[in-house]
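What follows is subunit A paired twice: with subunit B in the first complex and subunit C in the second.
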Partner chain A sequence: MAHPLTLITFIPLIGMILILAAPAGLVRWYKWIAVASAAAQLVIAAWLYTNFNTGTVAMQFTERYSWIGAYHIYYFMGVDGISISMVLLTALICFIAVFSSFSIDRAEKGYYALLMLLDTGMMGVFVALDFFLFYIFWEVMLLPMYFLIGIWGGPRREYAAIKFFLYTLLGSVLILLAMLALYYYGAVPTFDMTQLAAHSSSYTIGFQRIVWIALFIGFAIKIPAFPFHTWLPDAHVEAPTAISVILAGVLLKMGTYGILRVNFAILPAATHELAWLLLGLIGTINIVYGAMCAMAQKDFKKLVAYSSISHMGYVMLGLASFTAAGINGAVLQMFNHGTITAMLFLLVGVIYDRTHHREIDGFGGLAQSMPIYAGITGFAFFAALGLPGLSAFISEVLVLIGAWQLHPIMTTLGAATAILTAGYLLWCFQRIYLGPLNEKYAALPDLSAREIFMLLPLAAIVIMLGVYPHAILVLLNTSLVHLNQGVLAVATGPALPLH
Partner chain B sequence: MDLGNFASLHFFCPELLLTTATLLIVLVDLVIIDGAYLGAVALITSAGALLLIGVEPASEGAWLFHRMIVYDSFAVFFRVLIALAAVVAVWMSMGSAEVRRCAQGEYYAIVLASTLGMFLMAESANLLMAYLSLEIVSLTSYVLTGILRNNRRSQEAALKYLIYGGVASGTMIYGMSWLYGIAGSLDFVAINHALFAASGVPPLTVFIALVLILAGLGYKVASVPFHMWAPDVYEGAPIPITTFLAIGSKAAGFALLTRFFYPGISRLDVGGGWTALSGVEWPQLLLVVCIITMTLGNLAALQQDNLKRLLAYSSIAQAGYALMGFVLLSNDGLRAMLVYLFAYYVMDAGAFLVVMIVANATGREDMGAYRGLAWRGGAVPAIALAIFLLSLTGIPATIGFIGKFYVFAAAIRERFYVLALIGILNSVVSLYYYMSPVRAMFLGQPEEGAQPIAIGAWNYSLMGLLAFATIALGLYPPPVIAFAARSLHFFAGTS
Partner chain C sequence: MEHPVTTDLVRWIVLLPLLGAAINFLFGATLQKRFGKRVISFLGCGAVLAAFAIALYTLFAMLALAPDRRFMLDDLWRWFDVGGLKLDIAFWLDPLSIVMVLIITGVGGLIHIYSTDYMHDDASYWRFFGWLNLFTFAMLVLVLGDNLWLMFVGWEGVGLCSFALIGFWYTDLVNTNAGNKAFIVNRIGDLAFVVAIYALFAGLGAVGHPTLVIREVARYAPALAGARGYLGLPMVTFVTLMLFLGATGKSAQIPLHVWLPDAMAGPTPVSALIHAATMVTAGVYMVARLNFLYSMAPATMLVVATVGALTAFLAATVGVTQTDIKRVLAYSTISQLGYMFVGVGVGAYAAGVFHLMTHAFFKACLFLGAGSVIHALGGEQDMRKMGALRHKMPLTFVTFFAATLAICGVPPFAGFMSKDEIIWRAYAHGHFVIWALLWAGAGVTAFYMFRQVYMTFFGDFRGTPEQDHHVHEAPSAMAFVLVALAILSTVGGFAMLPGFIAPFAPFERFLDPVFNSDATRQVFASGLHDRSLETLFAGLSLLAVAAGWLLADLTYRQGVLSAARMSEFAGGVFYRLSFGKYRIDEFYRAAFLAPYLKLANAAAWFDGHIIDGVVNFAASMTVVGAWLAGLFDSYIVDGLVNFTSKATLAAGGRLRRLQTGSINGYLYGILAAVMVILLVRAIARV
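So, the complex of A and B:
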């Protein structure tokens, strides 16, 4: 296949143009154009997976063309083990999100067009290797997200949408400044991330610290790390289900992906110095604080949103550990969090579509009227709380094993939070699905075929990665170990120039 | 080359065309009652001027008319920008409901005369020429602002403009007289030599002269503290004129500002940096002006409900971003400024055009007229306005991002980190008010009884063109960058 990465990135854009160009009479076809684009993306992602060489740290499937010569900017794409796992996740989640969008019933043209643009932006972030290109995709994604929440969202959608936009723009302009600083003060002026990483030792440690923090804030807002997390619950609560799925499934990973791709690779010395504090400690706070907030929620979706914050904390903690186990676990956790949280938001969407509210205390006994729904929710909850045999268990254990070397107290707190997690999830399950049946909802229909079709592949992946995590780890390991050694080598290697 | 009067005409064809057309329109207007075709004449003239700039003989640069005017690539850049602004202004005028009600002959004659004045501002080589051309632009602008005779806002705006303008240009000419007293010449090159050679002139004296001159120039680019006229004038003037002032007049102001402060009183080093007069701290002064201009423009825009007023404050802030390139004392910075001004031209013209389209249909300019625009037949103008506003914010894949990228890159390169940080925080703040019309158009519901928006092919085509340029040049900016880089040559004579 020629240019697989360009194809996988821009197929949705073609879909968008088709949707925009299609006359209004073909309104029923919009969703099928979107399905076709997402399916094509999934096929290419599968092709990439099978053709990916796991034995090398080099970038694969690269494409490189000059774009803006005056600033040495290239159209440069490629994937390594870290990005390919995210490409797979993006293709999968987008495919499911398109099906989940079928319940949208107004202004479909705009909706599917924006969804496709969002898809291109996300995929682009994971395959871009030129920092400038990365930044373009990173920002392009904000717009469709703003409109998707703002037009098709819940009652407080305007507030949530602009809050999301302002927060993330603040983060991304810091990334822009950091990017320009990296360009001008390196050994060679370039935006090529692989080149920047190769010349990482030419940056002084003082410079690295400042740029590292600017980049970290930019990425942390996306993760979202404490204390930049407040936009997330608002955005999730107001967003339509499909958008929540994308937000939790893919968007949040961009933050941690950026930290790996930029902070770790380009600024290893500062990473080694600052990671334990800013990644490790904040990650621990995310885990504990997110879980406590989740416990206090009355809104089902908000509970899932906070649990999402909590689980992203494990990713940060794992990254900070600088051990092969921890860092592999972190990226595996990114993937697992994507699938599990996507399931949780789909399940919230199911009940919201039927009852138009999400008050946890407003249901009761739904297991009697919707047994399949209750069963799959139970499965997803157990996956989220880290039941052995399901995927999140593996990644969280790997993270904790790795993190022990970083700091036993942080690790203990992280591990102990599993109890809180089990607490709020089971308590929530009990209030919604068990107990006496709420008569109001006695006649609710169980899951439709479309809903089962969306949930089953995710459930299958959760089980598969629970028993055979190697399927993803094999992609990650080579690249991650190399990256990790790069960071550790700086700590023991020759001193950096001081000025 | 130091050309005499007749030899100069080779490089003066666009200006001659503008002069001829101005006079022609005045004459035709005397004999023909129906002025419906005068707009077309003005459009052809301004487009013709643009073409004539394109076919000028290649030259390293020259003095024209005995060193009153300088011809160089820097002048060409701004003449192109101003001619483009004139094309857009005339095009919009022909599609504007407001303009159709005023006397066509006067209107178009004055627009062309104003264009001529802006051309001359961009190519002045002499303080006298600079002052005269600036006054041509000012006087014509006052008339154009007040041309809606039955509109009180328009009248009030013209009066305010006149008073501010009178004070600013009076201050400027006073400063020029100081400078003449110090340097003994009105010629920029002679002033430069005199200032760098001078011994015994206290730097403070020079500084005061520069501050006084800055009053006139700052007023043209609408920088703080000479910006107060802008919101009222932008709101009161007919929208095509607002656009013309916002993009044409501002560009001419930047041209003269740069011409005066860079080749006029500074020296180019070998490495592309510029050396200011020692002891005369105008770069620091302008740095402060730049920071306050963008911050104040953005903060004031947050409160606005009238779109024209919002865009007026936004254009103050935009001038602040362009000034970021100006204060860096390097060719990199100047190039960034040129790229920024070009970007600003495209996106600001587009934004005003959509405001005009909505005003044509509804007669309103307040936020309420935009509520639910996308859902009552105005989806295309709504999307276009969103593109222009996002470009003004600096969101990627638009030309506005390229402009900001260049300005911030230049600032980082010259180690103005705090300036870059302030600039970037400003663009985050600006997102809020640039999004508020977008929010109204897409997220809001139409008001009771709101009319659907009808839009003619004439305005449609210009809007499409500008929106296309905003995105296409945002994705592939090399043509703009090459044009700006080529335009950084100031002719300073061979001797």
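So, the complex of A and C:
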């Protein structure tokens, strides 16, 4: 296949153009154009998976053309072990999100067009290797997200959308400044991330620290890391289901992906110095604090949103471990968080579509009227609370076993949160699905075929990666070990003031 | 040990119950609707019994091997290989795990059969068997996993099934609360378990052998001797202590025993299978499995034995006053597990495992007997409303009575052989206080067990006439299982006779290869080996049992002593402590749960008001700033612009007056200008 990365990135853009060109009112067309684009993406992703060479740290499937010669800007794409899993995840989640969008019932043309644009933006972020191109995609994704929440969202959609927009914009500005600083102060003026990484030693440590922190804040907002996280619950609560699925499934990973791709690779010395505090400690706060906030939520979707914040903390803690196990676990956790949280948001959407509310205490006994729904929710909840044998267990274990050596206290806190997680999830499950049946909902229809079709592949992946995590780990390991060694090689002092 | 026999048979022991569970969960509802419950029974029981058959076959295959070669490995696939951590999905069968497998599939299979009668009227019959099968699978993974993580998969997997089965009748929130409690309390233990694994992996990595495969840990464990661990403890002590803390969750020992009595909310076969015969013994199995580590940590051993003895005694004293037939058995289980922990805690690993096995027989029999009673009385569990059932349920009575004799340790029933061995070993290893607790516990056990027998089967019937009319003997499947377990409770002890009776202990011999690390052999050898003293101590135990039995007989059968009067003893302090289960639940609720819920609410408030407050404040400041900037723009910046233009206009207006139109004026002006220029030049030249 020629130009697979360009194809996988821009097929949705073609989809968008087709949707816009299609006659008004033909909702079915928009849907199936979107499905076709996402399906094509999925096929290419599968092709990439099978053709990916796991034995090399080099960028693969690269495409490189001069774009703006005067400023050494290239159209440069490629994937390595760090990004390939995110490409797979994006294709998968977008495919499912398209089906989840079928319940949108107004202004469909604009909706699907924006959804396709969002898809291109996200995919572009993961395959771009030129920082300038990366930044363009990063911004491209912002705009459709703003409108998708702001137009198709819930009652407080405008507040949530603006909050999301401003927060992300603040992050974007910092990333932009950092990018320009890297360009102008580097050994060679370039936006090529592989070149920047190769010349990382030319930046002084003082410069690295400032740029690292600017980038970190930019990316931390996306993760979202404490204390930049409050846009997320609002955005989730207001966003339509499909957008929540994308937000939690893919968007959040851009933050941690950016940290790996830019902070780790280009600023290793500062990474080594700052990671324990800004990734390790803040990650731990995310884990514990997110779980505690989740416990107190009354809105089902907000609970899942805080749970999502909590689970992204493991990714940060794993990155701060500087061990192969921890960093592999972190990226695997990014993938697993994507599939599991997507399931959770789909499941929240199921009940919201039927009852138009999400008050946890407003249900009760739904397992009697919707047994399949309750069963799959139970499965997803246990996956989320890290039940051994399912995927999240493996990634959390790798994160924690890797982090233990440097940060035993943070690791223990992270592991202890498994108790709190079990607490809020089981309590939530009990209030919604168990106990006497709330007569108001005695006649709710169980999952439709479309809903099962969206959930089953995710469930299958969750099981598969629990017993055979090797399927993803094999992609990651070579690149991540290389990256980690790059950080450790520049280590000048101990990385662990908190021993 | 270096060269295990490779096999691909063991996986089927594990996978058949999983298959049963998968079919039941995916198609059970449909199958049940279309073909009836018989298909579900066939699937559910068949999967476990087939696994049992394979286990028996492998047992004989194992017996054909030389004792030091009785290790089988079934390696399925590489699980992960990251950062030096190489683990497989692999099953490890040795004499210890085959004993467990036979209990799980054997006793478990019987309980499956029992359930076909017991659960017959339940609409979710398929779901019940699905979970039972899944439990069997998870328990088998726990005992067969060849590495600690796979063991942990089983460890939490059984917790999941326990959760689901305790809350099986989920429309009642009491049941689901009990399920939640069980899962969360177990997770507290699991935290310690995983911390132990992290520490162990780091410790082994530090000595150059990063591994979590149990047989490799066994090989390299001696290298950990003297290694520094955490909290100021040696590495091995830290790891074993944490693992044991994990065991107190799963095996319901103090301080994490609180979930087990509530777990009785589940259907009775579940109590028999999970909360008596198999899952709760996982902690004992874990200690025995990792005996090579425990034997290296005398401090941990002492903790294990002490916690076991305290639990054995205190739980027994709670059992004395409970009135719910299943709750008495629940406390009895906690107590008996304490005995097992003393066994493994004093280094008598084989004795601990032996008691695990006999306990599985007699406690399953007791629970299922209680189930038969509950079934006959239409769900009644209060012993105060029973009585005289031996006439109408003779078979249940006889089997229950045999199991009672077994648990009390009346020779020659199974409990005598196993429990007495533990009590004696506690003394033989120099733990007098522990021995005294166990000895007193044996007496209390006899008391509460015979109290139960008398309240349930003797005296007059105290239930409703309607119940009296409906009482019936156990149906055939249930009866068959009760008889089978009663026989095992009676003769099961002969696999390991006390040394003073006969030097006949094939069970211990069989397990020898598992318990032969240097450290373990040293611990075992350090105890007393005095036959005549052992005999004397057996006599003392029997004395305690006889006293307990007699007291129960006088109180609850003959009515010579009054239970009400006894409860008034010392102002009722002891009664209230026992009946109130030492108020531990209330303490935990007040000390941990309530503060945590407050903290969680505080966190959410902080998030919504402080953090988001700052964000919103920053946003509104931006708005205010923008407004100020707007003012600045229109008044200062624009003002300046306007001022400039106005000033220009005004100046122009004034200057316009110079344009008089008079030639003279211009000429004067030009003249003046020329003169100024000339003047300036003249001055400049000077």
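One rule holds for everything that comes next: the second predicted complex is superposed on the first by the 490 of 499 C-alpha atoms of A that agree within 3 Å, B and C clash if a C-alpha of one lies under 4 Å from a C-alpha of the other, contacts with A are read in each partner's own complex, and residues count from 1 in each chain.
The definition used in the following text is that a contact is a pair of C-beta atoms (placed from the backbone, for glycine too) under 8 Å apart; a residue touches a chain by one contact, two chains touch by 3 or more.
All of these numbers come straight from a predicted model, not from anything done at the bench.
Once chain A of one complex is fitted onto chain A of the other, the partner contacts of A:412 are limited to subunit C, with no touch recorded for subunit B. With both structures placed on the common chain, the touch criterion links A:253 to neither subunit B nor subunit C.
Contacts of A:169 after superposition on the shared chain: subunit B is touched, whereas subunit C is not.
In the superposition on chain A, A:337 contacts neither subunit B nor subunit C.
Within the superposed three-chain model, A:358 lies out of touch with both subunit B and subunit C [touch as defined at top].
Shared-chain residue A:311: touches no atom of subunit B or subunit C. Within the superposed three-chain model, A:473 lies in touch with subunit C and out of touch with subunit B [touch as defined at top]. For subunit A, the partner that touches more of its residues is C, with subunit B and subunit C as the two candidates. By the document's definition of touching, of the two partners only subunit C reaches A:368; subunit B does not. Put simply, subunit A uses residues 166 to touch subunit B in one complex and subunit C in the other.
Note for the complex: subunit C touches subunit A at residues 25, 29, 77-85, 89, 149, 152-153, 155-157, 160, 163, 167, 170-173, 176-177, 179-180, 183-184, 187-188, 190-191, 194-195, 197-199, 201-202, 205, 230, 596-597, 599-601, 603-605, 607, 611-612, 614-615, 619.
Residue ranges of subunit A in contact with subunit C, taken from their complex: 163, 166, 227, 229-231, 289, 292-293, 295-297, 323-326, 328-329, 365, 367-368, 371, 375, 382, 387-389, 393-394, 397-398, 400-402, 404-405, 408, 411-412, 415-416, 418-420, 422-423, 426-427, 430, 433-437, 467-470, 473, 477. Those residues of subunit B that touch subunit A in the complex are listed here as 375, 390, 395-397, 401, 405, 408-409, 412-413, 420-421, 424-425, 427-428, 431-432, 435, 439, 442-443, 476-478, 481-482, 485.
Across the complex, subunit A meets subunit B through its residues 67-71, 107, 135-136, 139-140, 142-143, 146-147, 150-151, 157-158, 161-162, 165-166, 169-170, 173-174, 176-177, 180-181, 183-184.
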